[in-house]
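Structures given as structure tokens follow.
What follows is a pair of complexes built around chain A, which joins chain B in one and chain C in the other.
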Partner chain A sequence: MRHVLIPHLARSLRLHLRRGPEALVTVFFFVMIAALFALSLGGGQDIVARAAPGIIWTAAALAALLALESLYHRDYDDGTFDLVLMSPVSVFAVVAAKMLCHWLLTGLLLLAALLVVAPMLFIPFAQLGVLILSLFCGTLYLSLLGGFGACLTLGSRKPGILLVLLILPLFLPMLLLGVLAVGASLAGMAAKAYVLLQFALLLPALPLAPYAASVCLTMNVRSS
Partner chain B sequence: MPDDECEVVLIKTFANPTRFLALIRWVMPTASVLAVALLAAGLWLAFFGSPTDYQQGQTVRIMYIHVPAAWMALFVYTSMAAAAFVGLVWKHVVAELYARAAAPLGAGFTLICLVTGALWGQPMWGTWWAWDARMTSVLVLFFLYLGYIALSDAFDDPQKGINAGAVLLIVGVINVPIIKFSVDWWNTLHQPASVTRMAMPAVDLSMLWPLVVMAAAFKALFVALACLRLRTEIQRRRLAVRQMQQAEHAA
Partner chain C sequence: MPAAKRLFSKTLTLSDITCRRGGRVLFQNVSLTVPPGGIVHLTGRNGAGKSSLLRLIAGALPTAAGRVLWDGADISEMDREDYAQDYAFLPPDDRDLKLLETARENLLFWAMLWKIKTPDAAVNAALADMGLAPLADVPVRVFSAGQKRRLSLARLRMKQSALWLLDEPFNALDSHAADLLADALRAHAAAGGIVVLAAHQAPALAGVTALPLGAAA
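And now, the complex of A and B:
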């Protein structure tokens, strides 16, 4: 498993980074949505600070889903997945590598971008710890769900928009818990319970999502 | 080898659905007659045969549409997921087609539930919509229906759409309780008492009867319409096979 995962991860990362600034588009999108929300709310500190958890979570979800199509559907179009299925490597490991790659390219960069977004939304740096922990859970969950959605829509006519429509309802529980966690920490209350519940959602998805995604990938690629 | 495979496909396409079509031939008319009779009886009971509520007045009659629609919304989704599982595991052709046939009906019931809920909420709570836990869950269920319909239609090869849709349904049905739980929790913590739910008293028999009759009517209506749509799907698939065969002969 390990000697499948790491080369595939390296390959996906290399391919993506070779396309230049495309990897940064996600971060730019995230920051811009946050700025747009803050501006459209009038920019007042009280209202923006109150809306901050919701803004960050919505923006992160939209930004993370943006990168899915190029990561998965390009490999479908150029026949990489056909080769994967023909070779004896584990499809599970390949999909897991893709999901990890997606997280490194979106989740990790979004967490770094919080350093810019948090002051924009008047979030004190003291509360950044809970925000990062909770968003770590959320972005990883998005990478898992997103990978499942991407494999589900391989070979469909309009994968990009379809995938977003399928994933967002399934992402709702994580989003609500994340908003509760960040909201509680901003209000000076204990956020531990919500963060633990977020992990409780994340952990079963760690094996199940790559499994479901590998089933979809096999189904969609084989029959074409 | 290709001949064998072709034969297996033909057996699966024709043998089983043929028996099913024979079943439909008497189930559909029976269910249709039952649906019309029960709807007539239920509506009469709902409008004339039941008392007005001492608090809600006439608007309580919305319940006789709203509640059965909500029941159907959940029932249809569960049945679709169960059929999808059977279809994936045993390659049962009718089960595979069932989810596609039932999805628009389920989405319709969910929409009826949402719309009547809004119409009921306006006079009772003074608002068309609130982010109440139950309403939010039903709205998400509606999104899940729409997502399934969009996905199962998104492939040029219908079989791919059926397979992908089946996986989505199974993942979705695992998620429905989680969504319900999370929304419940979020709601109780986030905005307590924005909507004062009326404490549902034990329903009086005079109101229970129309409700039960309407629920049975909705179910019969669903069975009749689902049979009709299933028959269409089966015949559409047969037509496709027939056309493929003709093309093969011509070649």
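And now, the complex of A and C:
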């Protein structure tokens, strides 16, 4: 696994940083959506705080989808995946490495951006723990589903809209649990059950999503 | 380089192969046995199926009829990863090179993915082989077409596979680089390796078998 993970991490980080401002689009997008809602809801603390979990989760879901194309569709278009299939390496491992790269480049950054977004939406720092834990599950789930959706749409000319339509419905259960967890914690109730359910959703996806994605990738590359 | 040290001893056999793409038969009943050390030059007009045959040998394209045998085993029944260890493919263009990475970074990615021992040394050797050592740390963005071609060839040699599948390897190469490549082909054949190449001009090499395609169409 190491021989797959290290080159992929090194390459995706390198390309991400060298593309310059493009690297920050995801985070800025996330922060901007949150700021727009905070401002457009009139700034009343009770309204904004009640809407906060929904805002954060929606913004995170949309932001995470932005980075998929540069990670998957570029490698398909330039023939890298073709060469990967001609390499003595497991496609499952390659896809899993890609999903982890996606999470590091989006999920992890979004979690860090919470430090800016949470005060904007009147979320007290005491509740940040639950929010981070629940969003950790959510963003990882998005990276898994996103990788699957991306591999399914390789070869499509405009994958962006297709990805939104494919992935967001699958993401709904996770989103609902996440919003419930954060909402409960903001209301001073126990959020543990919701967070555990989130992990229960996440666990089967850990092996299944890379597997399904590797099958889609092989089919799409070999049929072109 | 020690002369005529046999590293490879496997045979490639094409048995009655028919290739169909988009409902059209490109070629049919192509049979050929290539012993270790053999060099095959695929000829034919544009669209005769040269690239398709290369992809077919790599197992990236299914045959409509017939079989590809590697060391006597049908490649469609072999484990993909095992077979992939034995061949190296040169794509017809160099689009897959990442323009924002340096030559060294591009090769290192594949060296690690291919589990090559001492990847740094292998990358340096491969770059030096194709005369790219002075450009090792230059971003590929500023490479000329010929330099990119050489980088792809350096990557191919780094894999140290028995079977080389080359799609237009001489494209964009200057005469010096073409000589380097011809030397590499000669050395590979001397080591018992097999080369199948598609090219419009015959390579300046002795002992090349020509395989014309698309004569039937």
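Everything below uses one rule, namely that the second predicted complex is superposed on the first by the 224 of 224 C-alpha atoms of A that agree within 3 Å, B and C clash if a C-alpha of one lies under 4 Å from a C-alpha of the other, contacts with A are read in each partner's own complex, and residues count from 1 in each chain.
Assume a residue touches a chain if its C-beta (ideal position, glycine included) is under 8 Å from a C-beta of that chain, and two chains touch if they have at least 3 such contacts.
Quick caveat, the model's predicted, so the values are computed rather than measured.
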For this session: Tell me which partner A:18 touches in the superposition: chain B (first), chain C (second), both or neither.
Result: second
For this session: Determine, under the contact definition given at the top, whether A:212 touches first (chain B), second (chain C), both, or neither.
Result: first
For this session: Name the contact category of A:173: first (chain B only), second (chain C only), both, or neither.
Result: first
Exercise. Which of the two partners, first being chain B and second being chain C, lies in contact with A:50: first, second, both, or neither?
Worked result: neither
Exercise. So, A:78: does it touch chain B (first), chain C (second), both, or neither?
Worked result: second
For this session: Go through the superposed model and pick first if A:89 touches only chain B, second if only chain C, both, or neither.
Result: second
For this session: Residue by residue on chain A, keep only those touching chain B in one complex and chain C in the other, then list them.
Result: none
Problem set entry | Complex contacts: residues of chain A adjacent to chain C | 3-4, 6-7, 10-11, 14-15, 18-19, 77-80, 82-90, 222
For this session: Show which residues of chain A lie in contact with chain B when the two form their complex.
Result: 148, 152-153, 155-159, 162, 165-166, 168-170, 172-173, 176-177, 179-180, 201, 212, 215-216, 219-220, 223-224
Problem set entry | chain B residues touching chain A - in the complex, by the definition given at the top | 140, 143-144, 146-147, 150-151, 154-157, 159-161, 163-164, 167-168, 171-172, 175, 178-179, 181-183, 185-186, 189-190
Exercise. In their shared complex, at which residues does chain C touch chain A?
Worked result: 58, 60-61, 80-82, 84-85, 87, 89, 91, 93, 95-96, 98, 100-101, 105, 108-110, 112-115
